[in-house]
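Take a look at the following structure, please.
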Amino acid sequence: MSNQITGWTRDQMAARAAAELHDGYYANLGIGIPTLVANHIAPDIDITLQSENGMLGLGPFPDEIDVDADIINAGKQTITELPRTSYCSSADSFGMIRGGHIQLSVLGAMEVAENGDLANWMVPGKMVKGPGGAMDLVAGVKRIIVLMDHVSKNGTPKFRKSCTLPLTGTNVVDMIISNLAVFERPDRQSPFVLRELAPGATREAIAALTEAHYLEELS
Amino acid sequence: MASKIYPDAASALDGLLFNGMSIAAGGFGLCGIPETLIDALVAAGTKDITAVSNNAGVDDFGLGKLLDRRQIRKMISSYVGENKEFERQFLAGELEIEFSPQGTLAERMRAGGAGIPGFYTRTGVGTALAEGKPTMDFEGETFVLERGIVTDIAIVKAWKADPFGNLMFRKSARNFNPMVATCGRITIAEAEEIVSPGELEPDLIHTPSVFVQRVILATCNEKRIEKMTVSDRETLS
Amino acid sequence: MASKIYPDAASALDGLLFNGMSIAAGGFGLCGIPETLIDALVAAGTKDITAVSNNAGVDDFGLGKLLDRRQIRKMISSYVGENKEFERQFLAGELEIEFSPQGTLAERMRAGGAGIPGFYTRTGVGTALAEGKPTMDFEGETFVLERGIVTDIAIVKAWKADPFGNLMFRKSARNFNPMVATCGRITIAEAEEIVSPGELEPDLIHTPSVFVQRVILATCNEKRIEKMTVSDRETLS
Amino acid sequence: MSNQITGWTRDQMAARAAAELHDGYYANLGIGIPTLVANHIAPDIDITLQSENGMLGLGPFPDEIDVDADIINAGKQTITELPRTSYCSSADSFGMIRGGHIQLSVLGAMEVAENGDLANWMVPGKMVKGPGGAMDLVAGVKRIIVLMDHVSKNGTPKFRKSCTLPLTGTNVVDMIISNLAVFERPDRQSPFVLRELAPGATREAIAALTEAHYLEELS
């Protein structure tokens, strides 16, 4: 069914997430699609990107000649410094995260539950690689946005009544941007609300492709 | 002045190694890892090591070299996803793994080094990694107790060291190294450069000398890059 | 770029002050205290402040100025011995004091800033300062639970700041300032010097910009010396 | 009675404490007589002094022209740097102390109990000034040496069965150097042993001026 809906591309999803960044924010972008968010930050706002391996103020990828093995992000990619950049230890870096000093994190997900539970660290049937910094990020960052496909490759809804996979955190998700729709909630006591539909997506289609209970307030 | 500088990695590890020991190692991925000391551990052949390190290296680099020789019995890490031999040994039941969320792991090493046996964190509450651990509520929210880590030895990679054992790290190669340096009963640092007494500005030292017992000049500084990304690719993406 | 620099202390505190608020202040004795911001707090006349600071200044300097105007209702400190007006108000029941051992106080502010609501320490176990606090045994030894501290605002004294809010401290004027900078919901830094973007070496920044919301150029840098000791006296002793 | 015994001067007490410093030690010296210990360190051993306000590697007092208000020790005295000096935050400084990285601390005392309890932060009848770093030092430093007069000004023994004053720490003292004698114990499960007598002090005099139970092993 989702195959018949045009939906949003990965870049469009990233651009939608970028619209949630406000001037002066400190933000942490996860590996994968969330990394693309950096390409869509509005030119008139000032954002500082944090990487949990101890770098604050991430610059773009370097020219080949400027590659420095000692300048990497949490995805272990070579990057560059900016005039604002500072380095710190991993303990201090997670002090920022756990202490609520990072305003926003954008992460991928395998499942999100209607109560905001998130599962994104154990791939079913695969070797467990470990949570990395994902559990710390969802527990510490003030606002968590999930970017994910609306359904899994075999068509199973990923926004569910409850997660079937091992959790990364309980009641931690504030916003879901899928390739078909945007769900949001004003606080972590409230249910999610369907806010936006991707091109071709209808209320009925989203209802059919979503297991979670949610409200509707389309603008 | 009693210099802490040793002639090489083997002499710096001399008398400290035993089968079944615990070793904390600095580094994130392949960045800021004590390459020289890892090679010396391979040469020493110490067995049944409990290794505390954020990652497990790759198959032929970093702690992967120790895994390859089956010198490690247990890893305490946050992410071990880049190592095939690790996966094989784990699935065969030859290797034990204790996962700690990355920030929790960093804090556990800092806590161990700072004489704090336990602290409460929101991280991991309600997940498999908090199972069986005590919890406490603070202002209506549940936190889990995580334990400080102290190891028999700690090995770190520094950028600059002086003969007193003061260290500076370079850029994101700092990562876990400062906490690792505090949590070893004996800490050995390998430095890309050893400078003269007084050359390190007192305000700019990352790890004060008190935490470092032995220093060597690093002879392995390959600094392998795990994921080379350059601006051309970025433009194409 | 959104600069965090404010024209003066009054504007940097504008909108943040209210009676009954909590304020963490950096400094050890009279060293590294935010003199300019303290003067602005005196001028603002904010009342019933809970002040978290290792010391309480002297009668006419440091937090002593706020005590003198009876703006402080409660101090959380490790040592308040240098202030006569403090003693008078305390004995008259006008001022409340919560003592924390110095290292525990430093760690409580770091913990508050790092999202850690509580940690266990050996410090103070069996003393009056541990009374009524939960304890836990780790490996046969008893530790007391101490709580993280978060305050409404935090004020610190830096040596250098850039417009992003990155800070460097100078020598032993660093002391409590780095933890204080992390534990305020809003942190205001006064700096002896404000430098251009990019002038602070990324490896040498003590407090990363994320912890600092507002920056001013310090206009009070008296740096009064509490106990002048010079080598002549040493020779005489 | 103690008035009739010559005993040790403050400097001699400090010198005796300095003999407990070994090459390579990191040590913290308290305010008062303990500060004098620095003047008696043997020239052939290398000691690094720590100050809990975040300075490691304390130098001597400065010449008047070199006084820097930003270089002070925990006693708030102006001091100087050495080639080995480093600064750190108070949290990191107490990490050294609490984490057991400082080998030795020399402190003053009002009372020591035979089980090693120490009282040195509340002066009876005076305004409570607070413990400063004393509780952290006795709880964290590996070996604690107390320098104190053997009896108080009114002649009361200060080495007691149990402390009458509020405690700074329980079972934390390893060695007592008074103006009349030296007591020591090999570990914190053992009783104190009288090891040395000051000039003019006799076993009987010490027994009469000491309330605590102790063993005797004079060399």
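Lettered A, B, C and D in written order, each chain numbered from 1.
Everything that follows uses one rule, which is that contacts are C-beta pairs under 8 Å (C-beta built on N, C-alpha and C of every residue); 3 or more make two chains touch, one makes a residue touch a chain.
As the structure is a prediction and not an experimental result, all values here were calculated from the model.
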Field: Shortest path length from chain A to chain D (each step joins two touching chains)
entry: 2
- prompt: Going by the stated contact rule, which chains contact chain A and chain B alike?
  reply: C
Farthest chain relative to chain A (centres taken as mean CA coordinates): D
Separation of mean Cα positions, chain D and chain B [Å, integer]: 36
Query: Roughly how far is chain C from chain D, going centre to centre by Cα mean, in whole Å?
result: 28
- request: Please report how many Å separate the Cα centroid of chain B from that of chain C, as a whole number.
  value: 32
Task: Would you mind listing the residues of chain A that make contact with two or more other chains?
output: 81, 87-88, 94, 97-98, 140
- line: In chain C, the residues touching two or more other chains are 107, 110, 114-116, 121-122, 169-171, 174, 202-203
Task: Could you tell me which shape the graph of touching chains takes: line, ring, star, complete or other?
output: other
Field: Of all residues in chain A, those that touch chain B in their complex
entry: 36, 39, 51-55, 60-64, 67-79, 81, 87-91, 93-94, 97-98, 117, 127-136, 139-140, 166-170
Message: Which residues of chain B touch chain C once you look at their complex with the stated criterion?
response: 107, 111, 114-122, 136, 138-139, 141, 143, 147, 168-171, 174, 202-204
Message: Under the definition above, what is the set of chain D residues touching chain B in their complex?
response: 23-24, 26, 46, 48, 50, 56-57, 81, 83-88, 92, 94-102, 140
Message: For the complex, give me every residue of chain B touching chain A.
response: 28-32, 54, 77-81, 87, 90-91, 97, 99, 101-104, 106-107, 109-110, 121-129, 169-179, 206, 223-234, 237
Touching residues on chain C, where the partner in the complex is chain A: 1-2, 110, 112-116, 162, 164, 166, 182, 197-198, 200, 202-203, 205, 208-211
